[in-house]
Each structure stands twice: as structure tokens, then as C-alpha cells.
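Going in written order, the chains are labelled A, B and C, and every chain counts its residues from 1.
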Amino acid sequence: MVTDSLFQVLPAAAESGSVAITFDGRPLRVPAGASVAAALLAAGVERFRTTPVSGAARAPYCMMGVCFECLVEIDGAQSRQSCLVTVEHGMVIRSQHGMRALAENDAMTEGARDAG
Amino acid sequence: MTNSSDVLVIGGGLVGAAVAYGLAREGLGVRVLDEGDDAFRASRGNFGLVWVQGKGCGMSPYATWTRGSASRWPSLRDQLLSDTDIDVQLQQPGGFHFCFSEAEWRERGARLAAIRADLNGDYPFEMLDHAEVKRRVPGIGPQVFGASYSPMDGHANPLKLLRALHAACRRRGVRMTAGVRAQRIERSGSGFAVDATGQRFHAARVVLAAGLGNRALAQQVGIHAPVAPNRGQVLIAERVAHFLDYPTTYVRQTGEGTVQLGDSMEDVGFDDGVTADVVSHIAWRGVRSFPALAEVKLVRAWGALRVLSPDGFPIYQESASCPGAYVVTCHSGVTLAAAHALRIAPWIGGAAAPAGLEHFSGERFLQTDKVFTHGH
Amino acid sequence: MQADKVDVVIVGAGPAGMAAACVAAERGLTVTVLDEQDAPGGQIYRAVTKANARRLSVLGPDYAAGGELARAFAACGAKHERGAAVWQVSAARVVDYVQGGVVKSVQAGSVILCSGAMERPFPVPGWTLPGVLTAGAAQILLKTAEVVPGEPVVLAGCGPLLYLLAWQYLRAGVPIRAIVDTTEGADYRRAMAHLPGAVKGWRQLAKGLKLMRAIRRAGVQLHQGASDLALEGGEAVEAIRFTARGRASRIPARVVLLHQGVVPNTQISWSLRAQHRWDDAQLCWVPVTDEWGELDVAGIYVAGDGRGIGGAQAAEQQGRLAALEVAHRAGRIDRAARDSLAAPVQRALRETLHIRPFLDALYRPKDANRIPADDVTVCRCEEVTAGELRGFVRLGCLGPNQAKSFGRCGMGPCQGRLCGLTVTEVIASERGVSPAEVGYYRVRPPIKPVTLAELAAAHEARTARAEAQTVEAADPAER
């Protein structure tokens, strides 16, 4: 979810460079060298995932790797703690909804449907 | 006397709680003594399988006993639901045991055929090749050579089961005393007195369901119950979208979506830790079984100490020298929960012993000419 | 698992870890430092090696001092493994970690755990809403990326870090809507009993007072003695509610930063089944160690905030002491040398810690903000409320491990880090016993998540090595 950004890079620091990434398909320009979590917050992302238990929206809380709220999919790898990953140009990031899905495996999904 | 009951059950794990529940349903006054929060508790390590296939090779009474428990499990589930509103999530769609080579597959087939022969053919299972397994369980890896499938198998939620049994016990008037450890049992009048952490309890009958603690306690009532710890390491991975409809011996998906992987059988004494070697081996076998699990994260790994008798089979026995004292111990607390609640409990309550129970007496271990190995 | 061998493995490259590494390397020991981040500094000196002049100015001189330590660390000859997440430490001192997707192992002569501290959980209504972060998180955003709230922000809670952040925001020109301070008169009165200690640590006290003066002079809206804190919002936080001076207030805010102190990160020490004690002054579990920081698990030490909250200076000093003892045990220095090198460090440590009892008393987190009402989420991962937890206790649950089994509390990805203290205290309060009697979660590996494929690869590597060794052993003539 991208709205008026709750977070921003300090105006004085804005020249420090940025990289282009996508979040849920939307292109974003984010500060270079930051963690993915910091980058997404600076770009106005307010919701990172929904919980598997109740579907409640969650976003980063601790920014240091202990709360596990900042989990997103980065370049196909799910449940990554985005506060511990440095953002890189071209990263494809997706929010995680509920339980993570398993790796693309057509046979499995089809079979699961058949087995019902 | 306030600390007096018809039956005193020592141990509030899956075995003790199931027996206590069954006794309460029979209308008896029951008290359960349970240790504190950080006791060894085999119950917390349980994988959750309600498993029949492969058990009791060379000991057909155990195969029959296990099967009888699995067939009574729906009844236990219903009773618990009715008494507590807790659904222990029993599913019995059948289960698979994967084989990763032709030799393994043939050996598996032979084992199951032998059990079937012992039971005069009353033992449903199929030996399936890779293609057939894949048709039923999409997502298996190419290295799965084949599997044995049996419709008798299933799984449940072991933690919910424990919670439901405790809640059902309470509902039925069982008095649960937590945080005490039984130390001495002696005859008192026509019954027994048990000293536990500074308190004394009296009962007409006493049931030893204390897991590894049974070894020492059983001696005090003249029963030989040489149980010893056997470690199984278990892995829990994060929740994933539903992908597995059936339990398998080494991989199952829980009701919450987490993936459970196991296991090992190690003689390491009372060490319930985990080792990188075994953990990585279990992970490797899991990924071989279901390659899509590769990127899934391990969240927790633990060792659980099975309560294992020398031959791996249960010990059910009433003491000859101290009638009214019973030992109830096994390492399949989930699978046998129904038997414990619905067959063992009535026996302790005074009903006739279930058929074949005599095979589970601890006396069998006094035959010094026999060498025992764990049947598994 | 095949493991490299090293004299000392240090977990964490914060002030304790960096200082320990410098001393150990100086004494000729082989040292490997494993740190989860890609640059040294831990949390307090996070990103200090990358900070430019502007950041250093905003963040203040104490932060900048960390840069010196980081430079010394870089030059000391210790092997610094970046991006290395430790997932298991065994009593036999084998340290398993995962780095760049590869599972690795190192056998240590000694281990020094320098995992530092983490924010104390702040279970008030709405604390799980997006837009609610910790003050520590805000500092990390500032330190690592100069990212700050884009609109006036509310800071709530108590403790030195809250005011430090406010001061840093003022220097950076970030508007602060309000500081909702839970400290009240009774806290000052209680802290007075420890004033002598505070006076001995007058430098730190003076720093704190200077900070508070700057905040007041800037005219920041300050609400003191705040209670009944609650965060309102549907999908994200929209406002903070509280009562102060007998009046109920509501301040709209879309970013709220919470803080009520930090607590030791004890995941690894608990996983070793080391003895811990409940510290009633700091309201947290603290590993039991000797004067050098050694646990009751031989050869494994704790230094820094992981041993008890003391701050960055104390962490450095403890890191040095642990390394001196390790060097002594390894035969590099005799007892007399160890003691004479340790003496000034021990003195400095005592001085650094003089102010602690005062701060602990003054900023003691409120009962209501640690032991919440029934409808407040206690376990964020599994969404278990305090009321549900109390229900488990009524069903006979005696402690946190049974609570897990009753309701999955503590079984999620964070493995009890954000709910552990709360669960211990809620159960203790419901049972009417001390937290010490209730105990804590059984912490199990992996301390940090590792994928099944990463583990599977380690298994294959080990099997391949074993096979290669068998082949070698079988055909000596072939060589």
C-alpha cells in the first residue's frame, strides 16, 4: 500500500543516491544502501504483509531482526526479514499475504486441486 | 480424607491424561499428579501421527492393538469435542511411507506382508510405484522410488489432544495437581499412599503413567518396567499454504499449516538437544520427499525423549504383588490415546482385560535368554 | 559436521564484540567474529563506519566515538564474517551459522556471546498496528538510511533512549508532535534512593539533563505521568490515547514510536540451558555469570547488554574482561598479567555502572505496560491475547512452555523474543508467584531461521566428505 509517505529521507540526505525496485509490481525509487525495510518505508509502503493467523496487516516494528514483522518476498525468496537485507537495484519485492506459498510447482498445484 | 480418590494417576502427559479421562468417564473419582513446566514430557515432542502401518512386525498383538486404537480414535475425538469444544483435528485419510530405492521398497513390502500374514490377511496396504504415488501426492520428488500406503493411517494435533484431555478431565471432575513429583508409593490400608513433593495422596488404585519416571516407580510396586530414553529429533518449519493432504512417516503438514519433519532414533541418555548432523539429515530427507520445501525456513528443532521399552512395545501390567497398582507406558501416546482412554481405563476400572493384553506385561523382559531390539 | 577450529568465536560485532576481538587478537589468539549485519557496530553504533559528517553531527558524540572502536576492530587481525547468522551454539562450543545461503560450522576454544539487547516489548492496545515502531527502530532508520518520519511523530514511553531520539530528531529538524512520558512523581521519589550512585556517574547524569533541557527549550509538547496508553486505528495507527494529570487525551498520529527500555537478548544463553536469574530491578532475565562473564557452561562467556543492561561503555569493558580471561585460560597470559590488565577495566566498569540503579528505578516500566489487560495481544506472531494466556493458567498451565502447548503462544517466527517477558510476567501475576518461579521459554535452535535446502546441502557436503575419506582410506595405494 503506497500513500502519502509516513517516512522520508532527510532532505539534506536526498542526494545520497537511489535505486529502482518494484513492490507488488509498482516501480519505486528508494534510497541506495538502505535495508529493504527502510527503503520501502521511505517510499511510502505502510503494509508489508498480512498475518497467517488472522490476516491482520503488519509492518516493521523493531528494524533489527528480532520481531519478524517485516517479512516480504525478495526476488522470489519468501519470508525474508527485509530489515536485514540491503536493497539493490532491480529487486522485485512482493508483500506476503497469510501463509507463504510453496515454490512454483505446477504439478503440485494441479494435483492438489484434483485431490481436493 | 481430602487427598483421597478412587484412582491416582501419576503423570499428566498424553498417557496419564487419556487414562484419567477414561476412568472419569467410567464414573470413578480420579486425581492426576503432574510435574512442573519444564519436565521432560515426551508428550510435547510427539509428532502427531495416528499410525498403524509397519508396527508390530514380529509382535502381532501390537499390530492388532495399534489398529484397534486407530479404529476407536474417531470415537475419542467425538467425546473430547463434546466434552470440551476442542477439535483435536483427527484426519485419517491413510498414510504413506516413502522409499528412496528399490531395495528399500522391497524390504518395506516384505515387512508389511509379514504383518499381514500374522494377521491372517486382515491388514490393508498397497505398495505403489513412483507414478502412482505422484498421482495421489503431487509434489513428491523424483528420488522417491515408491511408497507403501495404508488406509489405516492418519494424524491429529498432539498439543490440542493434550489440552483437550486436560480440559475433558477437568470437566469430568478429575482433580489435577500440577507441580508435584511422585517419589514414594506404598501400600496403605487396602489401597496406596503416594508421597509427592511434600504432599501425601491416597487412592484405592494407582496408575503409573510417568513416562521415563516409571522405571523407578514401577519397582516400588513390584513391576519390572525397564524403560529408557530414546531421542528423536523433530523439525518444525514455518507455515506454508496447504500442500499435503496425507501424513507420511517423515513429513506432515499440521492444521496450522506448519510443516513437521522427523525423525531419528538415538541412544543418548537424557539429552534432548539437537545436533546439526541429524537436523540436516532430516531436512535433506524432507527436501528429497518434497522438493518444493527447499526454500521453506526451519523455525524450531527439538529432541524428544521417547519412553522406550527394550523391544519398543508398550508395557501394560497390573502388579501381582501389589494388586491395584498398574503400569501404563508406551512411546506412541497419540496413536494409542484411544486405546488408553477406551480400553485400558475400563480395565483399570475393573472390567475384563482387553484381549491380548497379557503380551504387554513387563515380565517379558525378565527372560534373560532373549535379546531385545526396538521394533519400530 | 566438519568444522574449522578457532581459539575464540565472538558472536556479535557491537561494542562488546569489537572490544573483545581487539583484546583477544592482541594476545595472539585466533579470533572469528560472526555478525548478522554487513558492517560492524551492533545496534548502538549501527552503520557508524558508513556515517558521513552530517549523520555524525545529528546522532551526537557518543555515537561518533563508536567509529574509533570500529577502526581499531578492523585493524586488529580478527576474522570478521559479515552477514553470518548464528543458528546454534552447542555446549561443546561448536558454532553453526548460515552465511550467503551456506551452512557453516566452526569449533571454538571459547565463545563470547555479544548479542546485545533488544527493545522491551510494549504490549498496549494497538501495538501491532502498522505505523507503530520502537524508538530503537527509528534510530536504526536514522543511522542506516537517514530515514525519518515524514510528519509530526509521537514518542511514547520512558527511558534514556526515548529522549536521545527526541534530541536527535530535533537536531535533524524532524517535527515531534508530542512526547507521552509514562514517568511520574513516584518514579522520581523511588529513584532518589539511588541518587548517590547517580551522582558518582555525574557525567552521564549531566548528559541526560542537557538532553532534557534541549527538548524542553525546543518547546516539544510533553505529557508526563501518562497512563492508560492505547493506540487506535483500523488497518494502521491513527492516534494515541492516554491519561495524564487526570485528563484523557487523544493525539492523532500515523507514526508512533514506543520505548520503555531495552532488555538483554538471551536467546543463545537460554538455548544453552545456562542458568539465568530474574532481575527485579531491570525486570528481565539475566544470565548468571562469574566476574569475567563466563556462564555455567564451560568456555562460553557473555559480554555486553546480553549480560544485563549497562550501555555501550560497559559493553566494551566487559568485552575486554572476557577476552582477558579467555587469553589467560588459553595460556597466553598468566594470572598476574590478567589481573593487572583487568584492574583498570574493572574500575572503569564499576564507574560506568554507578548510575544504573538510579536509571533502572527512575525508568522502571509500568506494570500496566508489561502485564496488559485481557484484550491486548501478547504473542504478536500467533496473535494470542493476555486474556487467553490467563485462561491457560486457569486450566492448570504453570509456565511458558505449557502455554506454548496450550495455545501456540511463543511458537511463531520470533520464537518468543517479543512475548517471552510478557508471558512470564502475566503467568506470574495470574498465579500469584514470582517471575523467577514461573521461568522462561525453552529456547531451541535455530536461533535464526535457516532454510531446509541450506541444511540439506550441509548434509550432502558432509556425506560427500565422509565418502571421500572412506575412499581414501580404502585405497592408500592409489595415492
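The rule is simple: contacts are C-beta pairs under 8 Å (C-beta built on N, C-alpha and C of every residue); 3 or more make two chains touch, one makes a residue touch a chain.
What you see is a predicted model; the values in this text were computed from it and never measured.
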A-B or A-C, whichever has more C-beta pairs in contact: A-C
Chain whose Cα mean lies nearest the overall Cα mean: C
Centroid distance [mean C-alpha coordinates] between chain C and chain B, Å: 40
Distance between chain centroids, defined by C-alpha means - chain A, chain B (Å): 42
Centroid spacing, where centroids are CA-atom means, of chain A and chain C in whole angstrom: 24
Sites on chain A at which at least two other chains make contact: 79
Residues within chain C bordering two or more other chains: 412-413, 449
Interface hub residues of chain B, defined as touching at least two other chains: 238, 256, 293-297
Of chain C, residues touching chain A in the complex: 36-38, 43, 50, 54-55, 118-119, 128-134, 136-137, 140-141, 144-151, 172-174, 235-236, 254-255, 265, 380-383, 412-414, 417-418, 448-449
Touching residues (chain side chain B, partner chain C) in the complex: 34, 36-38, 44, 159, 162-163, 166-167, 170, 176, 178-179, 235-238, 256, 261, 273-277, 279-281, 283-284, 286-288, 293-302
Of all residues in chain B, those that touch chain A in their complex: 134-139, 238-243, 245, 256-257, 291-297
Residues of chain A defined as touching chain B within the complex: 52, 77-79, 98-103, 105, 107-112, 114-115
Interfacial residue positions of chain A with respect to chain C in the complex: 4-10, 12-13, 16, 31, 33-35, 38-39, 41-42, 46-48, 51, 53-54, 56-69, 71, 79, 83-84, 86
